[in-house]
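In order of appearance the chains are A, B, C, D, E and F, and numbering begins at 1 in each one.
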Amino acid sequence: MKSDKSSVAEVLIDALEYMQQFRGQTFVIKLGGEMMVDEKVLDGIAQDLILLSYVNIHPVVIHGGGVEITRAMDRLGKKPTFVKGLRVTDEETMEIVEMVLIGKTNSQIVASINKHGGKAVGLSGKSANLFLSEKKKGEVDLGLVGDIREVNIGVVGALLEKGYIPVISPVGIAEEGTSLNINADTAAAKLAVALKAGKLIILTNVDGVWDAKKKLIERLTVKEAEELIDDGIAKEGMIPKLRASMYAVENGVPAAHIIKGTDHRLIEEVFTSKGIGTMVTKMK
Amino acid sequence: MKSDKSSVAEVLIDALEYMQQFRGQTFVIKLGGEMMVDEKVLDGIAQDLILLSYVNIHPVVIHGGGVEITRAMDRLGKKPTFVKGLRVTDEETMEIVEMVLIGKTNSQIVASINKHGGKAVGLSGKSANLFLSEKKKGEVDLGLVGDIREVNIGVVGALLEKGYIPVISPVGIAEEGTSLNINADTAAAKLAVALKAGKLIILTNVDGVWDAKKKLIERLTVKEAEELIDDGIAKEGMIPKLRASMYAVENGVPAAHIIKGTDHRLIEEVFTSKGIGTMVTKMK
Amino acid sequence: MKSDKSSVAEVLIDALEYMQQFRGQTFVIKLGGEMMVDEKVLDGIAQDLILLSYVNIHPVVIHGGGVEITRAMDRLGKKPTFVKGLRVTDEETMEIVEMVLIGKTNSQIVASINKHGGKAVGLSGKSANLFLSEKKKGEVDLGLVGDIREVNIGVVGALLEKGYIPVISPVGIAEEGTSLNINADTAAAKLAVALKAGKLIILTNVDGVWDAKKKLIERLTVKEAEELIDDGIAKEGMIPKLRASMYAVENGVPAAHIIKGTDHRLIEEVFTSKGIGTMVTKMK
Amino acid sequence: MKSDKSSVAEVLIDALEYMQQFRGQTFVIKLGGEMMVDEKVLDGIAQDLILLSYVNIHPVVIHGGGVEITRAMDRLGKKPTFVKGLRVTDEETMEIVEMVLIGKTNSQIVASINKHGGKAVGLSGKSANLFLSEKKKGEVDLGLVGDIREVNIGVVGALLEKGYIPVISPVGIAEEGTSLNINADTAAAKLAVALKAGKLIILTNVDGVWDAKKKLIERLTVKEAEELIDDGIAKEGMIPKLRASMYAVENGVPAAHIIKGTDHRLIEEVFTSKGIGTMVTKMK
Amino acid sequence: MKSDKSSVAEVLIDALEYMQQFRGQTFVIKLGGEMMVDEKVLDGIAQDLILLSYVNIHPVVIHGGGVEITRAMDRLGKKPTFVKGLRVTDEETMEIVEMVLIGKTNSQIVASINKHGGKAVGLSGKSANLFLSEKKKGEVDLGLVGDIREVNIGVVGALLEKGYIPVISPVGIAEEGTSLNINADTAAAKLAVALKAGKLIILTNVDGVWDAKKKLIERLTVKEAEELIDDGIAKEGMIPKLRASMYAVENGVPAAHIIKGTDHRLIEEVFTSKGIGTMVTKMK
Amino acid sequence: MKSDKSSVAEVLIDALEYMQQFRGQTFVIKLGGEMMVDEKVLDGIAQDLILLSYVNIHPVVIHGGGVEITRAMDRLGKKPTFVKGLRVTDEETMEIVEMVLIGKTNSQIVASINKHGGKAVGLSGKSANLFLSEKKKGEVDLGLVGDIREVNIGVVGALLEKGYIPVISPVGIAEEGTSLNINADTAAAKLAVALKAGKLIILTNVDGVWDAKKKLIERLTVKEAEELIDDGIAKEGMIPKLRASMYAVENGVPAAHIIKGTDHRLIEEVFTSKGIGTMVTKMK
């Protein structure tokens, strides 16, 4: 039996190869809103992020928050309406969205990272016009729902340069200052592309992408992902995650990952050769 | 009659003296929550802040938000309790405080500055442990009410260096990551001291400090301010504003100002010789 | 009636738009020799220049001095000769030219800026071969009259970088060290092009360019300016000013202005929407 | 049984605390000549050094080489003479010392680090007068044996700044250029002090320091170490190692370690709470 | 006989010692007005200055010009008046002083350096308030004669940093912008002290300081120099040169030299062991 | 007769032209192993290198060592074998090669430069993979003889930036860490190309290249050099020197020189117009 002693060094030495490969790179890590429900899960991820930053991989966090938004609306007696999976957003709803995302979810993530010794800085996509957006065009008026027109990464760069871990809420800002509700997966992908990230990692509450037989798919090309969606095998919440991954890898990000956010799988994914979750690449 | 033409140049040339005096300095500007009620007032202040930044005076904004917090609690059927002017803050209240301050008020200020062409970045006092705090000690347990123990200005400095206008919510963070409700005036004063600011400017909805005859006092020394409080002439909301001003000037900030936030009085104060509002200095 | 109070802020806020537009740009400002006759006019311009520098517009001054040169020659009993508007320059004349331009006019401008709190540095075009020139070729030998062959902006850049206001005398230097008399308007234009200036502003003693009916022309394209010269409407001293403006805008400077140097019109031109003097642009 | 999967993340997360504590620090690591005999041992150490550098701990390596020197002398038919443990060093011997240390041992270490993906740079203590020395004074003339008079760390700093791992041979240089044989343990200690190192780590072929009962001592103060030497419990090769450790911790290095160089114990020591080898500190 | 060939290398190798000693230092070199009369002498000095700059010694030139000023006044029919060796300076005289110093002498030196391949930049002491001065106080009103109150070396530093050779005219500026006539030797000494120069070198038209028997004195302490003045052995123009040298060495400049400006003696002085001219030091 | 006095200045002034031409350039200087036999010759070269560095020419030294290697092998009873001028290199030989080159020759050069006041840093081509090599391919297996595949100049650049003089041993390193014996002339040429050197200077023990009549050839084009080799006029050790020179000038180095290393001829070559040795250029 391998002694416990040697295993510590072994693990670290085995991780060397991955440190070497990724050091100096920026990783955009999207935390699904469902990650924040269990404080322990969030704490685990916070440690993972700090570890990345210690080995000179620069994590940039962006989070979702749909569950909490709906809960807050509920409490305020407001009924959410969705059109094709997009939340119809009137002014009052947008106010709730911002309050929940920036004032609660983002704030929790920052607290978790900082209590473990990291230096997180919370930002909304409005700050320094990070996610400069415009109202989504389409047949149905969804209200204050927006599409990102321009990603202004200046402020993120300034924070990374000084060693901070940026934590970003997916709220867009229009030229005239209006807040717009934007999709977190899309925002993560656009951010990864703008930052020339080495990886986009989407942390969620399932193991990854399943095939028709509910078996985890370890690697997917853009083409295969497209087929999974067309064939109706990937559905609902997985579709925007796949689309974001596909967008990222088609625009220069070497790899996107969809993995479960629990049990330090983020760390496992980055620092071991084990296939954790699903990796999407442009080609085989 | 003075022609309109000459007045433009005259105003600018008259302002030269003040630009020369203050350029390169940081000004901490506290926006009372009551400023945010009228969007036009906020827009006016946003322009003033941008103007300051264009003449190389570096504004750092910190805001309050009591009115909005109470309103939000109301709406959620929660009744605020105050002990000696301090809001008793249970966990649920703290969550509302954060949501309102960071998710709403801060967000509005950032939007207003950015729509006028500035580059504002919203931050809470939790980011990078900006306002590292601890639970307030005292006879009565106020819950999650805190005192600032340490101001970590690193992130503010990083943003100023790149020309951003930081907009800060007065939320403290304890070492173990807990959010704490802190007083905005005190936070403004401590921030001004930590940043070695040239001025602390408190924007509010009254003209300044009144004497016993309800006449505006143009200049106050720390000693005189102390007397005004002792004599019961300065009262309620004016007390923490005076205390913050006194703390700032006693700890190295050359001057603190309490002025009305409307009609570009901020600009008038900085760039003309007119006495706007009340100025507090250490000594005559 | 608008109160005087609000107008101060109003003027400043109105100026914001122009500060935003021009900040970070370099403006080359040519002071006609006739500006230096009245000390008050010079003082006004000095204040204007300092104001520009305070709002992060970088002024580079270049001056003329024909009037003073002729006066000095007179006094020394030397009779100036001109061929097609160009001063025939023998060695003794060149010595006088340098003494007047560098030793007197430049020195006066530096003094005026510095006494108002600016940091001006006087330079001749010989320093660090700023205006590397060669003897003008042509049928008539004009003596030490030169054409600029190369503008070496290194020293100007070094001074701008440290926040100084360079004040430059239009004296050229040949490779073998000989001083050459060069035209100030041309030198201003070439300097503006070399510095990639945002504006070339020629301050003179008339309101701007007049049309055939002696009415001020607010805007001119290069083509229109050409016609004004061809038609004999623009004449004498206005011709080199127009030619310099045309050269500048044809070589990348967005706009050139010919305006009267008195009454802070420079400031009016830059910070208001009023049409002061004549603006020359490449196209409509 | 703990699953293999979780242990990878666990080890890394457990190591976080130590990364946080030591990041940014320089560690001086002395490799005993006996480490170089087995290539696998050297390879293990090389990986450890690279890992340190990846987590922003800056290793500076200094090595011994007595065994190899004696072997080389043997081969050349030269008989080593020792006086009180110090090698009597005539010119020919010094030549052999340099050839073995710089040309062989140093070269092997550099090769081992580089083949594992590190960027090692070999240096002798003569380069840029790193170990400026003078002939040892004393009753017996030991020949070219020296004491370090001045440690000039400039070149080491330049290499660390660019991310290189300096590997240093303990050869001193006198002002007149003569090479001097200096003690590797002493050189390591002086280097650690000059570099304000966080740790001095002496890798050797025994587990650490033993007490009178041949039991490993985990922690020693300077005073206790002194006693061990005085009592004759620590002897021979262990004495200079203890003396070097004592010198380092008395001159500002927080801790010195004497540990076995095999099996990645270096990594174990730095990244776990286990007591590996003997740690020497100034006080308890 | 020594071959010509070896002498080239020999001279250079001999100069090594002095290059080593002085590299990185600033030398303030004062050119007496009498140097500028013969163009060849000036050309020789120009080459010397360039050589210094090439071996990383940073020359800062300051010049006199009394002879030329008197000549110019003559020509304009103005009679100079002196009180205790100081020129009584009315406004018209000051204008002539500036024209001659800045517009002629300075300009000639710049031209000479530039034509030999150097990058000289001419400055007056008014630029950026380099020699901030005030009217000399005393019984007799000398008019616009000033004493330096403050040396603002910022602009000189900016130019040195970029490798330029500053050439400075000794004209002072009062706070209110008035030009003041200041003594060139004193200005040189104050400049040397402000720049923490390695040497002050005064180039003149005599071999150095003579003793009572007209023999050149190679070295002088401040005390000995004082005696030479008191005893009336050093007189007239030599007195301010000695006073300047004494002031410099008493305020931190290691050595001051008074040497003849011809035949590259500047170079001989700096790069050989020969005693050229007189060296003044604080003590033996 | 020219006085000795003027000649010192004359030599320095004459050298100005060459300082101007070469300042800021890097010169790669190859010292033949035969240079190291006589300490005085080495000392002379050391002074020359320091002089270059003082006038801002950056020397990078690379040395040979064949003579010493053969001598060391002899002493150890190993008989060298050569195939077409290349040393067959088994593992033991390679060990001797490294010990002699890095541990002895390099070390001597470093000592000589440092004792004259320079700051030399010795490096082998293995450090930071400077000469990343691979085994030479060919019919005959020469053992550990390599060809340079990649020159990684990072470490050389880091040292030059800080003003050190790098002294490099021509030892290559394979990806797997193995040391390889590489040709010093070729290494010098490749280094010169990689560093974009201004000159490659090969110091040897003959005056330069001779023509068929044993007369020194002052200048050679690549084509002419080719012919000299083809015609058998240039032979043996001169061939690799010519090939290295040809490679350098064909790949962007302006000139290569083959000159005798004695009597400061290096200095003569660089700082005078005399033709010392043979200069190879791409074209006439």
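Quick note on the criterion: contacts are C-beta pairs under 8 Å (C-beta built on N, C-alpha and C of every residue); 3 or more make two chains touch, one makes a residue touch a chain.
These figures come from a predicted structure and were not determined experimentally.
Asker: Enter the minimum step count from chain B to chain F; a value of 1 means the two chains touch.
Answerer: 3
Asker: Going by the contact rule set out at the top, which chains touch both chain A and chain E?
Answerer: Chains touching both chain A and chain E: none.
Asker: Going by C-alpha centroids, which chain is farthest from chain C? Tell me that one.
Answerer: Looking at centroid distances, D is the chain farthest away.
Asker: Since chain B and chain E are copies of the same chain sequence, what is the angle of the rotation superposing the Cα atoms of one on the other, rounded to the nearest 5°?
Answerer: When the C-alpha atoms are superposed, chain B turns by 120 degrees onto chain E.
Asker: Could you tell me the distance, in whole angstrom, between the mean C-alpha positions of chain C and chain E?
Answerer: 34
Asker: I'd like the Å distance between the centres of chain C and chain D, where a centre is the mean of that chain's Cα atoms.
Answerer: It comes to 68 Å between the two C-alpha centres.
Asker: What's the distance between the Cα centroids of chain B and chain D, rounded to whole Å?
Answerer: Spacing between the chain centres: roughly 56 Å.
Asker: Taking each chain's centre as the mean position of its Cα atoms, how many Å separate chain A from chain D?
Answerer: Roughly 45 Å separates the two chain centres.
Asker: Among the residues of chain B, which are close enough to touch at least two other chains?
Answerer: Not one residue in chain B touches at least two other chains.
Asker: Looking at which chains touch, is this a line, ring, star, complete or other?
Answerer: Drawn as a graph, the chains make one closed cycle, so a ring.
Asker: With chain A as the start and chain D right after it, run through the chains round the ring.
Answerer: A, D, F, E, C, B
Asker: Under the touch definition given earlier, write down the residues of chain A that touch chain D in their complex.
Answerer: My answer: residues 5-16, 19-20, 23, 47-48, 50-51, 54-56, 116-117, 263-265, 267-268, 271-272, 274.
Asker: Which residues of chain B touch chain A in their complex?
Answerer: Where chain B meets chain A, its residues are 75-76, 95, 98-104, 106-107, 110-112, 114-115, 119-124, 126-129, 154-155, 158-159, 161-162, 164, 171, 173, 175-179.
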